[in-house]
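One structure, as structure tokens, below. Some questions next.
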Amino acid sequence: MTRDAALLLPSTEPVTLIDPDGNPVHVGQDMPDPQALVHAYAALIAARRFNDQANALVRQGRLAVYPSSHGQEACQVACVQVLDPGDWLFPTYRDSAAIVARGVDPVQALTLLRGDWHSGYDPLATRVAPQATPLATHLLHAVGVAHAARLRGEPTVVMAVCGDGATSEGDFHEALNFAAVFRTPVVFFIQNNEYAISVPLARQTAAPSLAHKGIGYGVPGARVDGNDVAALLSVLGAAVDRARAGDGPQLVEAHTYRVQPHTNADDPGRYRSADEVTPWLARDPITRVETYLRGRGLLDDDTIAGYGVDAEKLAETMRAGLGEDTVADYRDLFAHVYAEPTPQLREQQALVADELSREEAR
Amino acid sequence: MTRDAALLLPSTEPVTLIDPDGNPVHVGQDMPDPQALVHAYAALIAARRFNDQANALVRQGRLAVYPSSHGQEACQVACVQVLDPGDWLFPTYRDSAAIVARGVDPVQALTLLRGDWHSGYDPLATRVAPQATPLATHLLHAVGVAHAARLRGEPTVVMAVCGDGATSEGDFHEALNFAAVFRTPVVFFIQNNEYAISVPLARQTAAPSLAHKGIGYGVPGARVDGNDVAALLSVLGAAVDRARAGDGPQLVEAHTYRVQPHTNADDPGRYRSADEVTPWLARDPITRVETYLRGRGLLDDDTIAGYGVDAEKLAETMRAGLGEDTVADYRDLFAHVYAEPTPQLREQQALVADELSREEAR
Amino acid sequence: MAAEKLTMANALNRALRDAMRADDTVLMFGEDVGPLGGVFRITDGLTAEFGEQRCFDTPLAESGILGMAIGMAMNGMRPVVEMQFDAFAYPAFEQLVSHAAKMRNRTRGRVGVPLVIRVPYAGGIGGVEHHCDSSEAYYAHTPGLHVVAPSDPADAYGLLRKAIESPDPVLFLEPKKLYFSRSEADLTLPVPPIGTAVVRRPGTDATLIAYGPAVPVALEAAEAAAQEGRSLQVVDLRSIVPFDDETVCAAVRSTGRAVVVAEAAGFASVSSEVVARVTERCFHSLHAPIRRVTGFDIPYPPPKLEHVHLPSVDRILDTVDDLQWEDS
Amino acid sequence: MAAEKLTMANALNRALRDAMRADDTVLMFGEDVGPLGGVFRITDGLTAEFGEQRCFDTPLAESGILGMAIGMAMNGMRPVVEMQFDAFAYPAFEQLVSHAAKMRNRTRGRVGVPLVIRVPYAGGIGGVEHHCDSSEAYYAHTPGLHVVAPSDPADAYGLLRKAIESPDPVLFLEPKKLYFSRSEADLTLPVPPIGTAVVRRPGTDATLIAYGPAVPVALEAAEAAAQEGRSLQVVDLRSIVPFDDETVCAAVRSTGRAVVVAEAAGFASVSSEVVARVTERCFHSLHAPIRRVTGFDIPYPPPKLEHVHLPSVDRILDTVDDLQWEDS
């Protein structure tokens, strides 16, 4: 770790490796190798399909709510692709696509938003923390998980994701500071999509960039084009490597944009114009890397079609899994409050059991 | 306000205008005018006497506890001297000397530490907020007070003081961010005395300096020698001017040292060596400016003796005021919870009244 | 003005607008309360009418919101802040307990903090975790705060106006599930002051004591009981702090039996307090112990199970049936 | 091992040391708990014995402390954290309520967070504002937390060992005013599990129900009452959550009269809950309503007035006198 200001400040402009037209941009940074890019491309196709299908399932009443990451898929797939199997991901409600990219069953990944339970997958088995709704609070858990691993000498790195709005919370500050003071291997990854529901970035901060917050903790800050999966793989990959090497926490800000409403329940017409959104559609993360890969003969129509088929299978799994009505078991309400239910909870469960048996008897 | 990194970062070294031997240091900064320095000197003498007397009153059992600012008096007097009468001061438990420098009655200033009531002076009349014990929480109130004044078009600046330890709290982060986003005229003044009770600065932050936190909010950070009252007047004065001019909040970190225990109840032998303390005694804020002023014929023995007499009067007022036993009135417990006591509080007060009348009757 | 049909959301919006028109020290701020008008649209149109300085969005930080409000209240303003959802008020807990609630007392009455903390609260809307907490016990247990919860549009309007006029901090709990239920209300009519409970339905056999989202459920239960020939009185507390011992005890004494209905977990809650204080005062008028129908002592359930948790008409009626009628 | 004379502070220190020796996943951290040994010296010597990695100081941020502890508990550790004083735990409230308390439930039992939050709590030590809060109601009302409070050194040792072994988060409330009171204790003897109340003094006329700092006061009151010929039984709850209904109700039934004694403000508190649940269960055994002697509904007083606020022997005896003896 360093206290040298020059090494802690982010670049003036976000790092881009492939421009919106699909051309490589020559900067000091390394272009990820072709397999990595092709892998990322496949993941992008899947992530986009996942978002589209989830939105459709909301319209069909199969999901209660869905905060889409449409347009942010490059962030979703890159932050997962740079991790080792032993690493951890700490996602928010917006990062369902990342969770699925990490290998979590898509139906389990949507348990929360379906309304079945607060979380559907096994965090310990998948090394994916439950999705955090209270903003920035999970960043501290990420620090704790990483610190415990480090105390045991494990090479674990933790990828802790949050939005631009979440950086205003006190817990963001405390998490970065704790990680820095204890030199804990966490990569704090901000998906700056310019909005916190209706509140634009300018109402969130007056800083030159969110990555400029790093120096206040002695944490190196980096800025990256959030719609360029190549740049993301490069910048996040380097951050993970440094964290794993013992250089302490890293802060990466991806500049992207929330092209869809906050969730299906939101009405962006009340706070932003369509004109603001349009230019971002042209910066779509998928077309960009596709153009680049095609241009270099690394991707052809057949391969693309194959990824499309895989993505359609994913969508089919979602439709099938979420199409079924689940039976919610009231006993779950009492079973997991403590390792052993208290006498009080047993009484309360018995009351419900009695009600139900009387109902059945009727 | 600017988002230009170069204008937001603090200097590499703290600004010093008078070195520990009393010699002027030539930097770009202006030396305050002689009257200001002499005024500050008199205030330093008073503040030191105040600290010594308060410590003595603890030993005599007249104060419950005293967190001394011995060695930090330059910070205490400078942060008050740069304010206009209409400005506000938001102090902590350690800033009793500053409160007195601001003109608050010294006995009222010690009400909290005496155990009579939670605060003794009138915050609205004195424009001094009640001393804050929960760390960093008052910084947000400072932002609110300043913002209200600004909405009314008043020229108020708020001086919000905290310690190095307090910068780790989430509220510090939220206060700086709110102030920056709303361009609120607050000067955040960190007295970095290297310790938070027993915890040294290195356990508090890995940043190049605490002033480097400013850029993460778009707030200019400045570093100043906290034992050099000339530099403090200059740097804090400039910060107040900028805030008043509409440039938004300012962050100033003073580098000083807590030469005494955290409070009389503390035992620093458990966590630091006397060797660490010794060099700081030679950097005493009073001798430094005294040497400088004497060397320039701006201060002579008679004047110094005069300030000594004034300080002794202050001490006498403290001894007299705190020597008397006060009568605590139980009705105060119920009178100020709400503007009007609730029926429940009336009942509870009546219960005590009844107990007391029965006691008296015995 | 004649009565009109409106929702609680309309009534709250009207109360804010009227208060801001009447007193230009009244300000509204929080997350998404500006151009969006709040996620429940309670602040709809306020920025347009009163400008950015009177109704505005803040950075996303609840402690910051409340802390800044305290400072503004110290300096002549009457801020109203919105905590977007109940559970998102927790980051502001220290500002609430150690500052908002104590400022007047710490300064021996010299500095009051007239502010209103609006909390869209409780469940019944199919919300995911952290969006449906009933957190009133935390507030009611904290001396220095007033805690109120309306149960219909007219009272929502009246209580919010009174909360904004109060010289002390008021926790204003807005039952989310009642936001969009519509009823007849004449907003020009005065409502009883904070600290006053009202009997919403007369009855002679037993008293249901409820507040906020539980009031309509209690009324429904009373209606159902009436069909079965049992006359239930319904008391709406409206104000949890201060508590209206007089009205509540009179009601309970008149029936000799009572059930407290509340959505929050029962343990160490407002409902415990109601049972304790009413029992203390009415012991010899009681034919049976006062019973409680509350949420269970569990985290708020996921949407598909909330119906099991919430006090229901059936559960209330079962509990009323249990009030040892054979003894009387 | 024979009994020895020691303070509660000694006993707590011994419990931490023994737990850390027995299980190397047990860690201790917080503000000033390292080289200083804590402002009350409860962690004295732990860094020296176990090293910087097992007992350490953190940056000054309570939400950070608890949040990091939750993460460590998710990943195989058993952290014990200290909140320096009761009121300084409030910044960690959101981590406590929305995460520590809910993690096991949110993950359907897959992820438990075995951690202990030590809170030096309550008053009677002449502390200035924010240093003497009795905050147990906030915790007891939050499903998912265990809440315990010892009242003597032996129990402090035993309960803390059990808290550290618990698979669930435990709020461990340490009555500050009892830290340095000394008594005979044999730390090798087992104590009853969390969830169990004990009768500390037998008695036949009325039952005093207390916990934490109120227990010695209740015992003193019972002693004084005995002088006047009245036999008071004293129950020490020890564990607020889970609550031992059996022991408490048996005790109350045996005397037919009861007073709950607690330092916290009474409104919507643990004492309300005790009155409510015991009344519900023992109504027909009661000769008089259960009364409460609690702190008033006011912010904790400044040092010179705390004696007025704290439950005193006299106030307890007055209340016992009021239990409608003429009726029995």
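Going in written order, the chains are labelled A, B, C and D, and every chain counts its residues from 1.
One rule holds in what follows: a contact is a pair of C-beta atoms (placed from the backbone, for glycine too) under 8 Å apart; a residue touches a chain by one contact, two chains touch by 3 or more.
Protein identities per chain, from UniProt: A, B = 2-oxoisovalerate dehydrogenase subunit alpha; C, D = Alpha-ketoacid dehydrogenase subunit beta.
Because the structure is predicted, anything quoted here is derived from the model rather than measured.
Engineer: Quick check: more C-beta contact pairs in A-C or A-D?
Structural biologist: Taking the two pairs in turn, the one with more contacts turns out to be A-D.
Engineer: Which chain maximises the distance between its CA centroid and that of subunit C?
Structural biologist: Centroid comparison gives B as the farthest chain from subunit C.
Engineer: Measuring from the mean C-alpha position of subunit B to the mean C-alpha position of subunit D, what distance in angstrom results?
Structural biologist: The separation of the two C-alpha centroids amounts to 36 Å.
Engineer: With centres defined as the mean C-alpha position, give me the subunit A-subunit D separation in Å.
Structural biologist: Roughly 40 Å separates the two chain centres.
Engineer: Need the CA-centroid distance for the pair subunit C / subunit D, whole Å please.
Structural biologist: 30
Engineer: Would you please write down the residue numbers of subunit D that are in contact with two or more other chains?
Structural biologist: In subunit D, the residues touching two or more other chains are 58-59, 61, 63-64, 87, 90-91, 94, 98, 102, 105-106, 129-130, 143-144, 241, 243, 267, 296-299.
Engineer: Hey, what residues on subunit A touch two or more of the other chains?
Structural biologist: Residues 117-118, 134, 168-171, 173-174, 177, 181, 203-205, 332, 337, 342, 344.
Engineer: Over in the complex, which subunit B residues touch subunit A? Could you list them?
Structural biologist: Subunit B residues touching subunit A: 1, 3-5, 8-9, 12, 168-174, 177, 180-181, 183, 203-208, 212-219, 248.
Engineer: Enumerate the contact residues on subunit A facing subunit C in the complex.
Structural biologist: Of all residues in subunit A, those touching subunit C are 64-65, 112-113, 115-118, 133-135, 165-166, 168-171, 196-199, 203-205, 265, 267, 270-271, 326, 328, 330, 332-334, 337, 342, 344-345, 348, 352, 355.
Engineer: Tell me, which parts of subunit C touch subunit A in their complex?
Structural biologist: Residues in contact with subunit A: 31-32, 34-37, 39, 57-61, 63-64, 87-88, 90-91, 126, 128-131, 267, 296-299, 301-305, 308-309, 314-315, 318.
Engineer: Taking the complex as given, what residues does subunit C use to touch subunit B?
Structural biologist: 53, 58-59, 61, 63-64, 66-77, 79, 91, 94-95, 98-99, 102-112, 143-144, 146, 166-168, 195, 241-243, 245
Engineer: Would you tell me which residues of subunit B are touching subunit C in their complex?
Structural biologist: 117-119, 122-124, 129-130, 134, 137, 139-149, 151-152, 170-171, 173-175, 177-178, 181, 332, 335-339, 342-344
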